[in-house]
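Once you've had a glance at the structure underneath, I'll fire off some questions.
Just so it is clear, A, B, C and D label the chains in written order, and each chain counts residues from 1 on its own.
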Amino acid sequence: MMKSLILETATKLLFPLLLMFSIFLFLRGHNDPGGGFIGGLVGAAAFALFAISSGTDKARKLLRINPTFMIGLGLFFAILSGVISVMAGTPFLTGQWAFPVVFGADLSLGSPILFDIGVYLVVVGFTLAVIFSLEEEG
Amino acid sequence: MSVLVAVLLGFVVAVFAPWISRLLKDSAGWALAIVPAGLFAYFASFLPLIASGETFRESTPWVPYINIHFSFYIDGLSLLFALIISGIGTFIVIYGGGYLKGDRDIARFYLSLLMFMGSMLGVVLSDNLLTLFIFWELTSFTSYLLIGYYHEKAASRRAALQALLVTGTGGLAMLGGVILMALAGGSMEITELVNEADVIREHGFYIAILILVCAGAFTKSAQFPFHYWLPAAMEAPTPVSAYLHSATMVKAGVYLLARFNPILGGTDWWLWLVTGFGAVTMVVSAWLALSFTDMKRVLAYSTVMALGTLVMLIGMGHPYAMQAMVVFLLGHSLYKGALFMMAGSVDHEAGTRDVLLLGGLRKVMPYTFAFGTIAALSMAGIPLFLGFIGKELVYEAALGFSPAPVLIIIAAVLANIALVASSGIVIIRPFFGEFKETPKHVHEAPVSMWIGPAVLGVLSLVFGFLPFLLSDYIMVPAASAVAGVPLEFYLAIWHGINLPLILSVVTLLGGILVYKAWDNLRGSVMPGYKTAFATLPEAAYDFSLNSMLSVAYWQTLLFQSGNLRYYVMTIVGFTVLLVGYPLVSKAGIYIPVDWSDIHFYEWLLAGLMIAGVLAAATARSGLIAVISLGVVGYSIALIYLLFSAPDLAITQMLVETLTVILVALVLIKLPGVPREPSPVGRARNIVIAVSAGLMVTLTLFAAFTVPFDPFMAGYFTENSYVIAHGRNIVNVILVDFRALDTLGEITVLAVAGVGIFALIKLHNAVKQAKEEGKI
Amino acid sequence: MDHLLTLPVIIPLLTGALGFLFYKNGTAQRWIGLAGTVALLIASILLLVDVWSNGIQAEQFGNWPAPFGISFVADLLSSIMITISGVMGFVVAVYAVADIDKTREKFGFYPLYHILLMGINGTFLTGDIFNMYVWFEVMLISSFVLLALGNSKAQLDGAVKYVIINLVGSAIFLMGIGFLYGLTGTLNMAELSVRLNEVDNAGLVTTVSMFFMVSFGIKAAVFPLFFWLPASYHTPPVAISAIFAGMLTKVGVYTLIRAFTLLFTQEVAYTHHIILWISGLTMLIGVLGAAAQSEVRRILSFHIISQIGYMIMGLALYTPLALIGSVFYIVHHIIVKTNLFLVGGLARKLTGSYELKKMGGLYRYYPWLTLIYAALEIDSYWIAGVALLVGLLTLFSMTKIWMAAFWTPLPGYENDTTGAGFNKISRRDMFLLVFPIVTLATLTIIIGLYPEPFYELSLKAAEDLLDPTNYINAVLGK
Amino acid sequence: MEPLLAIVVGVLFSTAIYLMMQRNLIRIVIGVIILSNAVNLLIFTLGRLTRASAPLIPYGQNVPLEDIANPLPQALVLTAIVIGFGLFAFALVLTYRTYKEIGTKPVKEG
């Protein structure tokens, strides 16, 4: 952890921006460059920055869940997206899609998106597990 | 009851032996003896059938795919062996019960002994080569356990290992031999191979088969120069020696040669190899017996002498030799079993078996003395004992050996002279003369320990008197089986005054003279003789074992040096060889000529990457290395971007950034990055590294000459939006077309994350636990 | 059931994911882990039965037709390997309950163990060469972590060598994949099998095949690529060594067999001849190495190397009988070798050491352990005995263990008659340690006494390997 | 462009191997990073290069209108980058731990 006022202030500004950017990158991923991995890395960067400027204790508190739990959750989502296809009677990991219109907006919801959420979570969890442990090692 | 059941009975009862032993305590030996006794009776029931010239065969499939069957064959030869094994086995079990009374491991003695007996029966009864081999090896293993019975003594362990390695080597050789034999003869069954004997003897494998099979037989039957393990194995408790080294295990080799005689015998190779080894063993070991004062060693070497005689007889190949072989075999089994038991009784009661420390025991141990004497007289070949008939036949066979009768007859007489002297040593020395004080207070051995010598000794006498009891029922069929053709002969006590009889008289007189001179011999010639023929072969064993170990250590140091960089070097070097050779010789070298489509900035980028890695490789400071690394990484990202891979470019950029951060985070905490210190090492590394790079580049050049078919890309492009509802084809491949890859990929990340966490945190946790004394 | 091919990777992945959700809760991870191995065992047996009765099975992930998506294929060899991995996974997990300490358990032993199994199973099943790389890496990373878990000095040193060498291996593998794709435009192994024969430059295909020979050879620990194995296998807790010893190198052997029967059969005279040399040297160097060792697990590790030589000898000879031998031997070896490690571990627990010098007394006080070891020794020796010298050296080093650990009295307790020198093991732990040993020993004996069904399985598996038409048709649906 | 990249891949590979044959663990880890980059670039190159547009389908279309780059190697490389990164991160931390525990002296194995 680096004690620096400038860094801390900058982080306060950057953190929400990065987080939003990460979600943006994730969401556009299916149609434009981006996706779970890229989004996840940016999201992790946000927390990593926070951890470096304000300490891992605060970062962990902000994150609320353990990185390892996040990893498990991510894997779980990815498996879930496959199990959905099995329950639909198709081979594992077959894309299942629904196109509901919510508030006038066309949404395309598919199991691959769920899969990508899993990717996102694992990437964030992984990066944070590494950064937190290395930071805490001192 | 089938033969299979009979063979397996020993194994089955063996499993229960420990319980029986615990239950019946000291009388367990008598109870367990029922097993071999019953088997003896069972095998005896075959006598009429065999006597009538018939044979018996049964077969139970085991692994029919590769022709392994439990097939058993009873003819004169196998029946003779089966009777010896079960008959003597009966008395050994009883004797063992007395000898090892109260010993804490006695249950294991019964267990191993019964298993050993089962294995021996398997060896002599098997008709299938592979089951024969399996039983053969089982005798090695069970005898290993028996020889190492006093396993807490280092000498016992050494002797057991020696026996195992020597007979194990032979066993493997034999396996090779029988497999070749099966290939040459087209069958696994010995009875069928006998019919193919001509084919096998003419076959290109013949010499190899012969040598391999003989290696198995000679090691097992302790032929010179592999004989050293047998006397060393006298570390075993005496019941074991009495059984293994008189009547059974060591005779397995003899059995094997006898069994294969109709298949492999009759050639010059066979004649000289088998007869030669046998004769040398016979003479050498007969005299070696005289260089020891330990009763068991004397008996052990005289056993080796007997084995040599038997092997020699098998090699000779003519009918007299076969006849002599079977009679000598039975005679030896009877007297040697009895004598070993006698020696054990003396040792057991007196606390020593060194003949120089013993004397005058005949009064305190009358039964042991009486029956031992009968056996010894048989061994010395005194008329009226079976041993006499055996010896006469040996002489007759030697005389009938046309290629070299004089040589063989001299050898046989010389050996038998020493045998007579040995008989004197083991009987006259301990039992006659003045009574000497011994470590233990001597009294007669219990009945369990003299019943065996009694029966075996008396049988030597009975058969000696009435040899016709034997000849029709068992000896003629047995000799016929060895010869492979029906033989006819008749055993008699008196053959008239002929050359063999004269030789016998010479032998006896010679033996007495040698016995008289024994004390002088021991002081003069014997030590040198012993060194040459007993110590040297054993030293050769030690030497070969040690050199094998040296080679092992040397190659381990060479290959498994513990230096990671040598490992990497070897692997990369091997790869370059493996890939480079076919690349140059088969695929061809292609140097591209058209470089025109490359833009100026692309050249620049390539140059930047090359400069970057070279800087990273030569940097002395960690910081420069990391920065150079970053340059390379970002340049690659640019390449990806230039060639229309935006996702890749972004990912590469992000990962590169993280990589640099991580390396920097770790570098802060570590010392610098020193280079390979020695210039020679550096030069060698450069050569390997450059050739590795060259290999990759040239393979790439070659690969570019093959036209590329992007048919998969076409499919993805067409279906990405239509079926998979995504416009970013790369992303669709990742989360849909090839989602399974991505599933694996995030699993890798997950594990890496958890692993890194554990690497750092568990360290602290373990430290803490250690401090608290939990681990 | 249609998803039998998916289960051998999904069950362990799910178990692993659940384990991570309960990270730091050792008890929960253990129960989830054990339940997972049971499920895996059942699924793998079902798969074998299915393939045995219905022939080669293929599953297209994501419902994308081959060769565009990723296919899983189960022929007999794959399903035999899957089943054996299911059995090993189960028994070693039971052993681990008593063997793995609470700290390692808390830090994710069971989930990692499952993901290792997932990687192993994925490799056995996949019909896509890049996907195989992914499974390799899954297997690798989890073996890295399992190897280093605990952070003892020896573990770390072994792990560094293991990791670096395997990373080189992975890179070479990945290069090979790149070349295959560059030559044929496909990654599907069935499709590759067809298209590789159509490449004009057969010599180039052979050249590229060498990348696979090296990378799979590293994994299989053949000469001269085996260094990582003796450097690392003796360092982690024995449950981990045991599953490594049983399964990991065999993944390399499996992939070698797969690659050089399905993909690279263009110049058999050249490629398989190289394999023959490698296998011979591997057999010999392995046992020589073992003869020089004086620590139980090191001896056993070198034996693994030697025995790998036997397995790929069958591939090198490339005849039906030889391949039958290979398949049969692989199954047999996995069962015996895993068990030997387990027995070694128990001996260590009792005597307190793996060093032969410090062990002893087991013969007198643990007769049943003696019996099992003796059976395994004879078994290993017989199988190795086919090659005379190698068999003898195997016998020598196995007997070395016997002499020291079983026959010699426990050092410091030479005159003791009560067995006081041994460590006490609770009844529960003893049961957990002995159950797997006895189970595997029973399996060994069954195979020994009644080898026919195993022989028949190997026979059919070998037939499929020598004629990949069925495999190709099952995948490409022709 | 492929031949030029082939040379770059060769140089990267050489350097990586050179670094991995050294005593210093950090150098070895740097070698690992370069190695993984070299291999990724190799796969990318073998999928053949094009300066055509990225493999994206324009909005309003079902298939791309013009030539696009081969998306498959891109996806493979992406997977390989991520896997490589995970392995590298572990190797790095392992190296670090090893340094702390035992330094650079090789442990005897024979």
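In the analysis below, a contact is a pair of C-beta atoms (placed from the backbone, for glycine too) under 8 Å apart; a residue touches a chain by one contact, two chains touch by 3 or more.
This one's a predicted model, so the numbers in the text were calculated from it and none came from an experiment.
**Student:** What chain sits nearest the middle when you go by CA atom centres?
**Tutor:** Chain nearest the overall C-alpha centroid, as shown: C.
**Student:** Select, from C-D and A-D, the pair of chains that is joined by more C-beta pairs in contact.
**Tutor:** When the contacts at C-D and A-D are counted, C-D has more.
**Student:** Centre to centre, by mean C-alpha position, how many angstrom separate chain B and chain C?
**Tutor:** Each chain's C-alpha centroid was found; their separation is 27 Å.
**Student:** What is the distance in Å between the mean C-alpha positions of chain A and chain D?
**Tutor:** Those two chain centres are 24 Å apart.
**Student:** What whole-Å value do you get for the distance between chain A and chain B if each is reduced to the mean of its CA atoms?
**Tutor:** 62
**Student:** Of all the residues in chain A, which ones touch at least 2 other chains?
**Tutor:** 31-33, 37, 68, 71-72, 75, 79, 82, 92-93, 95, 126, 130, 133-134
**Student:** If I count partner chains per residue in chain C, which residues reach a count of at least 2?
**Tutor:** 13, 16-17, 20, 23, 61-62, 108, 130, 134, 137, 141, 144-145, 148, 151, 160, 164, 168, 175, 179, 182, 230-231, 292
**Student:** Could you say which residues in chain D touch two or more other chains, in rising order?
**Tutor:** 16, 20, 28, 38, 42, 46-48, 54, 56, 59, 72, 76, 78-79, 82-83, 86-87, 89-90, 93-95, 97, 106-107, 109-110, in rising order.
**Student:** Pick one for the touching-chains graph, please: line, ring, star, complete, other.
**Tutor:** complete
**Student:** Which part of chain C faces chain A closely enough to touch in the complex?
**Tutor:** 2-3, 6, 10, 13-14, 16-24, 59-63, 108
**Student:** Taking the complex as given, what residues does chain C use to touch chain B?
**Tutor:** Within the complex, chain C touches chain B at residues 13, 16-17, 20, 23, 61-62, 64, 67-70, 101, 103-104, 106-108, 111-112, 115, 118-119, 122, 130-131, 134-135, 137-138, 141-142, 144-145, 148-151, 160-161, 164-165, 168-169, 172, 175, 179, 182-187, 199-204, 206-208, 210-211, 213-214, 218, 224-225, 227-228, 230-231, 267, 270, 274, 285, 288-293, 363-364, 367, 374, 378, 381-382, 385-386, 388, 391-393, 395-396, 399, 403, 406-409, 414, 417, 451-452, 455-456, 459.
**Student:** Where on chain A does chain C make contact in their complex?
**Tutor:** Going by the criterion above, the answer is residues 66, 68-69, 71-73, 75-76, 79, 82, 85-86, 90-95.
**Student:** In their complex, what parts of chain D are in touch with chain A?
**Tutor:** Going by the criterion above, the answer is residues 54, 56, 59, 78, 82, 86, 89, 93.
**Student:** Tell me, which parts of chain B touch chain A in their complex?
**Tutor:** 646-647, 650-651, 654-655, 658, 662, 665-666, 669, 723-728, 731-732, 734-736, 739-740, 742-743, 746-747, 749-750, 752-754, 756-757, 759-761
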